[in-house]
Each structure stands twice: as structure tokens, then as C-alpha cells.
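Presented sequentially are two complexes of chain A, the first with chain B as partner and the second with chain C.
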Partner chain A sequence: MLANILPKLRNTTSLCRYFSSALTTNENIEPRHLQYPSVYQKPRQIWVENLDSIDERKLGLIELHPTVFAANPRIDIIHQNVRWQQLYRYVSYAHTKLKFEVRGGGRKPWPQKGLGKARHSSIRSPLWKGGGIAHGPRSPTPHFYMLPFYTRINGLTSTLSIKFAQDDLHVVDNLELPTDEKSFLEELVKSRNWGPSVLFVDDTDIMPRNITAATDEIKHINLMPVYGLNVYSMLKYETLVITRSAIDLIESKILENLNRNDDKTFTGKYKVNQV
Partner chain B sequence: MSKSADKALNLLRSLPRLCLGNIRDNPGSRSSRKRGRGQHGGDKHGAGNKGSGQRQNYMRLGYETGNNPFYLRFPNEPYYKGHHLKRQYPPMSMLDLQRLIDLNRLDMSKPIDLVAILNTGVFKLKPDQHQFGVNLTDEGADIFKAKINLEVQWASELVIAAVEKAGGVITTAYYDQHSLQAMLNTRKFFERGIPIPRRMTPPADAIEYYTDPTKRGYLADPEKISEERLVLAQKYGYTLPKIEEDKTYEMLTQRKDPRQIFFGLNPGWVVNLRNKVILKPQEEKLVEFYQS
Partner chain C sequence: MSVISTKLRLVINNLSKINLRAKQIIRHGGYYSSEYLEDLGKVSTKFEVTKDPVDWKCVENILPRKTIPEPVKKDEYPSGWQPQADDMQSRPYYIERTRNHLIPVYLDLAQHNIRRHTIIRRVKGDIWLLEKEVTEFLQTLSNKPIRLQVNEFAGFIRINGDFVNAIKYWLKNKGY
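Presenting the complex of A and B:
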């Protein structure tokens, strides 16, 4: 019952937001040309918003490719991606000493026979208190492995689709702010209900000065270029704000990899265990 | 897939926000590795308990403790003698070919040969495993509509009829292993900087096939082939489209030289991809060698 009502409620609130606070302006937003149009799914639509004022203005509607932004939301693949991102650079430094590494224990503690005691050869045997550890953790243990290429691609599409479905994805025309005050950005994020943590994504890694200065002091609002976009960061931040040019780049890169015919030779070089 | 995806995405709208804390893998997809206790990991490593399994003192293969062994009981019947030396032609159906053309992975306006088929990335060929080209099979012959100049290595009568009914032409051609290796990955071959080899003539047991006009062999007499085209049309009961009056007549009549591997490139030439030049042999000896 609740599940039936909630999406409706959500829609009504968003509708209210659209019609009350949002002023749709007549600024011309170029329609997007979708590469590799999907036969089975309709393109999705999203508003392009502004960042130059605290009040939200809708600048226009653009279309999103359904293969990227309405893909099957595979939570398991997202989990595999996150696990891989955490593990591939993790090296365990837990360390225990083996029998021969523990100091002492070279002498036989007592004769083999005749004492009525259990036979022992060293006081550092794993059976003894203060002895070595059998099969303990040894340092350094790398946990590097490579996730298959298309699992990584599907992780990106799944996460982007979920972010979009849960209204946590916003598109802006650019990242130009009128001021470099951090209070402006904080107020903007608060008034638009973007949640405390926000990730801004642009197509280049040289961002406008104002937003760079403003986000410099706020730890939970960050900037990221498209080449750094990853599943872990998208899930870490509550809201994802992507510029229109970054949307183009993300879509073209993912679609290019989903539609290439030389994937066998292409993914071959990412295999770790090759002869 | 899209329907279930839409359903799931719709459901997600009413669920809490996905974050690092509420994701998980499918249940049962990972099993934790356990360390065996005791000597040798507490296991017998598949050898079982005692006996010849552990000691590896097996009887010799086929020995039946004194019986007349099975392998000696019957006279030898060499069904597969020489099987590993036979030429293989991995199949591709006409349905696949039509699909490749419909999806623009093959260009109809140019002759379609093995190089074009291999460049689609869909058809895989392994010359080192005695595979000598494509066998076009008749699956989907009834819906084949493309008017093409096709060159394959093996084709049945029905396939030939289907291609010619659609207004196209078909040739069966032989390529030796060195030529096939050059065709597999053209870019890689050109980057090696060696001259394009001459195509060898077919071996003795293949000459009959490739000189047969009913098989549209590339070494057959062209006049006999046009005769056979009419015969086949009468046999299958269709009117043969006149390719002489066709707009694409020039493309349809394009043929490779029996010594040629790539269209437009002769044996002996070196293709330099970096400087974008083609180097042709000048010396008389070489010219004579690469002549067909």
C-alpha cells in the first residue's frame, strides 16, 4: 500500500516544485542528438537547471539515452564495482611470525623419551604459548584484481540509472557561480533539497574559479571531471549534478564501448592473468 | 529486458536512496574459502584411501587382467584416418549474411569477399586449425534479398540459386593459409611491412571443385558459368535477373585475379600505413615472380 502511494506523493511534490518555485525560461537549450538510438526504450527527459541564482530556473528539457540512464538497475553489479574499487588498491599489512621467526626455540626443551611428558622439539612451536603462528596473515597481502570490463561499464549505467530514477541526478547548463562565497553554494544546495553531499561533474578538469573556491572549504561538496566518474563516488554523494557537456561525454563514451565490434581484442589487454 | 528495467526503476522511486550502506551482491554468489586443518590440508587430494589410487601403480592402459582386451578384440576400422588433415570450412548462414547487410556491417555497394566478412568481427576464422574460409549454408535462403557480388569458399547449389535469384553473383574461391593469415587482420599484416603474398593455386584435391562452373569456381570458364546460371534458374524455376542491364553491373562483374588476395592490391606490393604510400616492386625478377 505504502509502496503504491509513495511514488505518487513523490511525483506530486516534484510537480508542485516545478510549478510553484520553478520559472521556465525561454532560453534556448539545444536539443540533444542521441547516438545509437534504442529500438525498445523511449528516451528519458530531464530538466536543465541553472546555477547562477539560488532560485531554481528550468532552462529547458533535454533527452537522455535510455541505455545509459534507464538501464537495468543491477544492485549486484553495483556492489561488485564498489567492492572492486575498495579492494584493488588495498594491501593488508597484518603480519604474524612463523615458528622460525620467533626469537629462541633452537634447543629441544626436554628429552624425547623417559619423562612421561609430551614430546616437543621447540618452545616456539605453534602449540606453545608465545610460539609462532601457523597459517597466520602475512604482510604485505595485495588484494588487487580486475573486474571484467563490461561489468565496470554496466556498473556505471546501473548507478546513473538509479540516480536518475531516484531524482538524485540534476543537469545544469554550466558550473558558473556568481560569487565564490561558500555560503551561496550551501544555501543553493539547501534550498533545492540536494541533500548535504553533492558531487559536481564537468567534462574538463579545469573548473570555473568561483565554484572551485566555494567548494574548496566544504568537505561534502566536491568537483569531479568525467574521466574520474566512478560508481563508488556516485553512491557516496547523495546528489549528482552533471553539466550538459559532461552528459554528452559520459553518454558517448559508454555507448561507444557498448557498441564496439572489436571488444574481444579491446578487452584482452585488461586481463590480468595472461600468459 | 526494458520492461523489467522500467519496473525496477519505478520501484526504486519509492525506495530509500541507494548508497554505499544498502547494496549487496546476489545471495550465494560468493563462497568464502576455507582452510583445511591438519597435514596436507586435511585432504587426500582426490586419490582416495590406499591402493593403486594413492600409489599410482595402475595397470597398463587397456589391460583387462588376462582377457582378450577390448582394443584387440575387433579388427581396425579407421573411420577418422586423415580427418585432422582435411580442410574445414566453418559455416555462416545466409540469414547471418542478410543480417550483416541489413545492419550495415557489410557494404553492399562493394564486392563482399572474405576480407569484408572477417572485418565485421562476427565471423572468426582459424587458419592454423585447418580452416580455409567460409561455408555459406542455406539457412535463411528463402528470405535472402540482397543483390551482392559475393565470394565465399564453399557454397551449396541452393545457396548459389538463392544469391542468383536475388540478382547477385557468387564465386567460390580458394585461399591458402598464408593468404588467410594476411586477411585475418589486415591492419596487423600491413604493419608487418612485408609484401602481400601471391595466392597459391588450390591443392590437387580442391582443383576439381574450384574449376567447376556448377560450383561457380573462380578458375572455371566464365562462359560456362553464365550457361550454368541459366540451367540453375530453370532447375529452381525462377527468371534470372539480367545483370548486364543492371546499374551496378561494373561492381557485380568485379573479380579478383587468381593470384590476388585484396581488391585493388596486387601481390608483391608493400602497404606503408605510416607514410600512406604503396611500394611496388621494380626489379624484373620480382615483377616476373609476382606475375599471375
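Presenting the complex of A and C:
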């Protein structure tokens, strides 16, 4: 009985911290230098949290660029992105046969004149039951298309801004866990009210061993490198947990693309054989 | 007949020999009339590898810039271009410059250039105040009532008619 309750009591210790937002450690988080600083909008601030204990410790405040994390929540652009992500890999296999593909029908069913019946040349004509289908679906029909480059970039900034505004974006110092048990991670997510599904984002695709082993068995808690970050996945997961180095990389990549000078080379019409 | 054919063959052979000898480029020459590649032997091009940062700076000057750098502050620029004023944070609305430091006012042509729309993009802050001021300004230029559409969510104003240069001039004088 006591053994059942004791691990749950671990969470109750952090109850008082729900109502305080003070710095709980003295670790120094080095401040971020924002590139292309915004003239009008102020930089946004976010806490850096820890992952090495169930109790949340706030390690420091960092600043986020307002163009990336405080953009307008353009749900129209987000919808375009989600639609594109679902469609570009979708191939329709619905198939119907044309008149000449249906078996038989080579002979004229009855003479053209003299019978008082309607004229017909084949029993597989589209007018006939069991005949071919005119203008039916043909397989395979690819639905691939390319979304314009800056619609994709704006989709990312809109989704990141929405996640940040809704308090579903968390920054951690690194993804090091003390154990590789999945119960630890589940308990941590539960005590921090991160909701049912969590996506951890790091700057590299080789993650620490413990978190890889822990998330391996939990289907709704997953890992993703920065190069895989996309609108659909960000919306799919309740909470987005990004490491500090990943924040640096995401922000620099998006800002570079929003400010680069040679955009004419890739904003033209998409060609299938382009690199 | 056989005599003529042998003579012709001789002529053709001689002509082809002349073609091979001639190394200059033939007028109206094509792919098939061009010569085969020849082995030139060892070609010695002299070069030197340097890791001097001073030399590298000369290379960097030639490389195209990835972004347009922040312009040097001057009182007046020969092109008539003007940088944004410094007091932007205290203003009720803000129009962000593009990555090329230009004012984002564009002309949208449609329906065989019959429909002319002026679009002010990248507006942040109180867009409705901007709408009021723009209509007041444009009313002085036009006899007809000004028709415009404000999209606060996407941050742009779409005005019926071609007022691109007028609005750019007006915004420039206001410091935007």
C-alpha cells in the first residue's frame, strides 16, 4: 500500500512550484544574441527547464526572436502546409476500365437498321450495363505538388508562434535523462502537465541513449531532429520540447531564409528534376 | 560509268584528307564536322596554395553577399533612397522594410491590366489608423471615393487604383 503511494508522492513535492516562477537554480544560462533584430517587436522570453529530475527546475531565461516565435498565427497558411504534407505523398489507386479494356464487345450486337431497336455497336459501350466507364478514375493518380518556398517557411513560423503563445513550447538545456525507464519519462510529462503527446526536438539526429530507450516503447512521446521539424508534426503533438541548441538552429535557419538575397533562385516554378 | 564513279571516290577521298589537315574552324561547322579530341600531354599550370587571411578577404570581396548589409548612415543618398526613422517603437503602426531595405508597397495588375490594386504589406500595429490616414491622403489625389480593404490578420491594405508612387513618397516623408 505504502509502496504504491510513495512514488506518487514524489510529484506532490513540486506542488508549491506551480505557483512560483522564480529562478530555482544558480546555473548560468548564457544569453542569446538575436540576429536580424526586430525594430518594432520586442524579443519574447522563455524559461529554460531541466529534464534530469521530475521536479521542474528553471535554469534561466532566454530570448526568442519575434519574427519566428511571435509571428501572426496564419491558420490559412498552416492549413495549406498540412494539406500539402498530406497530399504530396498520396497516390490514388482507384481504377475503372475503359470500353476497350472490358472483356468482349467486339461484335456488333444487332444490325444497324430494320429491327426498330436503338443502334449499338458494342455491348461494352459506356451506355450499357457492364460496359466501360467514360472519364472514370485511373490508377495510379499522383497528387504531388510543391508548396511555394516562403509558404513553407511562414507555416513553420506561424506554427511555432502558436505553440509558444499557447504555452505548449518548452525549452530544455539538453535531453539527458538519469534513467532509461519509460515510467520516469511518463511521470515527468504528467507532473509538468505536458499533455498526452510530446515531441522532443534536438539539433542532431543522434540523441542521448536514455531518452531514446525510454521513448522507444511510448508511442505518443517521440524524438525528432531539427531537419525533420514540420508543421504537421508540431500540430500532431500536444507539447513541443526543444533543446536550447535546437532553438538556435531553427531560428538561424528560418531567419537566414527570410533575409537571404538569392531567393530568386529557388522561388520559381518547381521542376521535378531540380536538385 | 565505272570510270566516273572511281574519279568521284578519289575526289571525295582527297577532300576528306584536306578537311583533316585543315585545323581552323570551318564556317557552318557542326558536331559531325568537328575534330576529335587530341591528347595534349602533360599540361603544367602553376599554382600556389595559400591560407593567408588577408588573401581570403580578397576572395570574400568577390563572392556575392548572402544578405543586403545594413546601409551606412548618411544625410543624403544619391539614389534618393532614405533609411527608416529611428523612433519606430513609439509609433502606433509600423511598416517593416523588405530584406532589400525598400518600402513594401506593390502594384497588383489583373484582368488584362484593367484591375489595378495598390497593396501596402507588412503592416504591424494599429492598421486601422493607417487606413484612416491613407484614405485622407488619397482623397486629395482622386475625385472618386477611395475604396480599400484592410486585412488586419495578414497585415496588408489593398487599395483600388494605382497609387504606388504616391504612397511610397508619402510613407517616405513620414519616415517609414
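By definition in this document, the second predicted complex is superposed on the first by the 242 of 275 C-alpha atoms of A that agree within 3 Å, B and C clash if a C-alpha of one lies under 4 Å from a C-alpha of the other, contacts with A are read in each partner's own complex, and residues count from 1 in each chain.
The rule we apply is simple: a contact is a pair of C-beta atoms (placed from the backbone, for glycine too) under 8 Å apart; a residue touches a chain by one contact, two chains touch by 3 or more.
As the structure is a prediction and not an experimental result, all values here were calculated from the model.
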item	value
When chain B and chain C are modelled together on chain A, clash or fit	clash
A:Ala165 touches, of chain B and chain C: first, second, both or neither?	first
Contacts of A:Leu127 with chain B and chain C, given as first, second, both or neither	neither
First (chain B), second (chain C), both or neither touched by A:Asp262	both
First, second, both or neither for A:Gln41, with chain B first and chain C second	both
Chain B versus chain C as contact partner of A:Asn72, first or second or both or neither	both
Chain A: partner with more touched residues, chain B or chain C	B
Residue range of chain B overlapping chain C upon superposition on chain A, of 20-28, 74-82, 92-100 or 254-262	92-100
On chain A, the residue positions that both chain B and chain C contact, one per complex	40-41, 72, 261-262
Chain B - residues contacting chain A, complex	1-2, 4-6, 8-15, 17-20, 23-26, 29, 35, 105, 120-122
Interface residues, chain A side, partner chain B - complex	2-3, 6-7, 10, 38, 40-41, 66, 70-73, 75-76, 78-80, 82-83, 135, 159, 161-163, 165-168, 232, 235-236, 238, 261-262, 264
Chain A - residues contacting chain C, complex	39-41, 72, 74, 256, 258-262
In the complex, chain C residues that touch chain A	64-68, 84, 88-89, 94, 96, 99-100, 124-125, 153-155
